[in-house]
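Structure first, commentary second.
Which chain is which? They are A, B and C, in the order written, and residues in each are numbered from 1.
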Amino acid sequence: MSTWVVEAQNLHKTFAWTPVLNDISCRIAPAEAVGIFGLNGAGKTTLLRLLATLLKPTAGRLTLFGLDSSELAVRRKIGFLGHESYLYPDLTPEENLTFYGKAYQVPDLKDRIAQQLEYVGLQDWRTMPVRYFSRGMEQRLSLARALLHGPDLLLLDEPDTGLDPRALSTLHATLAQAKDRKKTVMLTSHDFARSRELCTRALILHRGRIAWQSEEALRPGSGQALPSPQEFVELYTACTR
Amino acid sequence: MKKVPLGSHLVDSFLPWLTCVAMLVALAMVFLYVPNERVQGEVQRIFYFHLPSAWMAFLGFFIVAGASAAFLWQGKRSADLLAQAAAELGMVFCSLVLLTGPLWARPIWGVWWTWDPRLTMTLVLWLIYAAYVLLRVFAGDNETVARYAAVLGIVGVIDIPLLYISIRLWRGIHPKVEQMAPEMAWTLLVCTGAFVCVFTWLLRLRLRSLHLRDEIRALRQHVVAAS
Amino acid sequence: MWAILWKDILLELRTKERVSALFVLALLIILVFVFALTPEQLKQPAFGSALLWVALVFAGMLSIQRALILEQERNCFAGLLLCPIDPGQVFFAKFLSNVFFLTVVEAVVAPLTLALLGLSFSVSLLGLPLVLLLGIIGFSALGTLCAAIAVRTRAREIILPLMLLPLLVPLFIAAVHVTGALLVGEVWTGTWFRVLVAFDVIFVVTGWLTFGFVVQE
């Protein structure tokens, strides 16, 4: 049994027969909060989707929670928040969450849903079809969907873009909570300054390769400290030249 | 830059000549050597091209299925390209069958087309090939589409026995090839050999052009990335 | 798997667009045929059975496409793939939801067609629901697989019939013959019936086994 949450060994992914990710190797320990930074098209989203088992690696090995990423059991421990909400527009929040809850076989679903809706502040909207929601409300509900089954690994694809202030504060609370509960978080972002306080570790992707990553940590706090924003900018320009 | 696997150059250099010679011999046999068929006369000679074309069309289908299965199994680009090339060629030979069939049917049966089982079968096969080729045209070229095409190729082959049974049950029987004179059998054999040569040669040419297309694409990406 | 099925039915109850559109489309197809054929032709059971299946195939194609377009909005299909559900089960869920909706539509359209054509109801027609169901099963199995492919290409409304119709030929021939035999009161459980059953079994299994390759990226 490995103690790593994510263990990637020489991952490759091609799309349209051209490499998108090249030779990605990294290990993530429990309770880490990893920020993945890079330009548009650097492969951030692809990497996150690989970790979410939405994509299969073209080559290489990906182990999650000590299990191969193709195992179905792995998916129960992962929560994914993507650019799209994955919510059915013609169903209400309650129905959407009921559907996903059943698919994940969440116990005590009714209470869990009520609790989640309250958490993201949508309990008053629970019977309105999602189609009429604003973008921010839909994002919040999507966050509730990603957290519904209590995942141990939370993957967030650019969570700081397109969120309203209410959703952003929920997100920050979620991340703080995740840290307390020894859950692992990975998020992509192109704004280091804004995401720095959320992360315990950083990783820079450039043209599908890991250009730089801060030291691994098995115990929280044992990894090297993150660079300051200025240092980061220098680092960033150095390795993306 | 990785070199494209184009096979041995020896095969590629003598295959065109072999094809040429085989085709000339086949033509000579069909028009000079083999005697007229007793009942059908001259027209029957088209049969020596018709039947091998049909066999090549079938061969194409099975190569598509085999390569598709191999692609789903291992995910190799070369298997995917082989399936694509074989499907295109299969469609060409299927078209030949559908062209030579009516040419023969008109003088013998008095109609261009009848819904005879094998003609119908060939037409349906042609349609399945067409769907396969068009799927690739419409859907673009990436790993996902390659998997779609592979699934379609396999489903197509699974459909063949069902098609065969249902179409046979549905309508009467194709002219059966009865006792063949030895000259006829030899001609058919040589023609089939010539068609196998043509098929293989064209398949290799197409495969090569597909591989080269990949190489060009990779080079272009390289140039873009470098600038 | 039942969760997906439940969700599909719930969605339909909410919008009611799929079943109503299918119903109207099936009626329109029958209407076109009625105008195209002479009254004498319409009386022939062979035409009746062909008509029934042509309407079913075209309405069915629409239904199957809807089922997967539903999943495309807000990229819900990705959400489905995130869940710990085997792709084979996703196939069964989508397949069953198609069978369900087509059965609902046919339950109304089939008797209506027979009535419109003035065919007499007889004891032998008791086999018709079974034959229709078998046809729907085979159609939905192959259709679900093809639609999953078509829906994620451009020009999906062209590519679906192009793929599906030639592959459906055995099902179509068999179903029309069995139904024709039923309408004239002949033995209908012969070879054709077996072809129909074989088609169903083969493509339900094929769909279940290959769906993973289609949906996983």
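Rule of thumb we're sticking to: a contact is a pair of C-beta atoms (placed from the backbone, for glycine too) under 8 Å apart; a residue touches a chain by one contact, two chains touch by 3 or more.
What you see is a predicted model, and the numbers here were worked out from it, not measured in a lab.
Novice: Pick out whichever of the two, B-C or A-B, is joined by more C-beta pairs in contact.
Specialist: B-C is joined by more C-beta pairs in contact.
Novice: Which chain's mean C-alpha position is nearest the mean C-alpha position of the whole protein set?
Specialist: Taking the mean of C-alpha atoms per chain, the most central one is C.
Novice: Let me check something: if the centre of a chain is the mean of its CA atoms, which chain is farthest from subunit B?
Specialist: A
Novice: Take the average of all CA coordinates in subunit A, do the same for subunit C, and state the distance between these two points in whole angstrom.
Specialist: Spacing between the chain centres: roughly 40 Å.
Novice: Quick check: how many Å separate the C-alpha centres of subunit A and subunit B?
Specialist: 49
Novice: Distance from the CA centroid of subunit B to that of subunit C, rounded to the nearest Å?
Specialist: 32
Novice: By the touch rule stated above, which residues of subunit C touch at least two different other chains?
Specialist: 217
Novice: What are the residue numbers in subunit B that touch two or more other chains?
Specialist: If we look for residues of subunit B contacting two or more partner chains, we find 140, 143.
Novice: At least two other chains touched by the same residue of subunit A: list those residues.
Specialist: Expected reply: no residues.
Novice: Spell out the part of subunit B that touches subunit A in their complex, as residue ranges.
Specialist: 75, 77, 140-143, 214, 217-218, 221, 225
Novice: What residues on subunit A touch subunit C, complex-wise?
Specialist: 52-56, 72-73, 75-76, 78, 80, 82, 84-91, 95, 99-100, 102-105, 129, 145
Novice: For the complex, give me every residue of subunit A touching subunit B.
Specialist: Those residues of subunit A that touch subunit B are 14-18, 58, 207.
Novice: Tell me, which parts of subunit B touch subunit C in their complex?
Specialist: Touching subunit C from subunit B are residues 72, 124, 127-128, 130-131, 134-135, 138-140, 143-145, 147-148, 150-152, 154-156, 158-159, 162-163, 165-167, 169-170.
Novice: Where on subunit C does subunit A make contact in their complex?
Specialist: 2-4, 6-7, 10-11, 14-15, 70, 73-76, 78-86, 216-217
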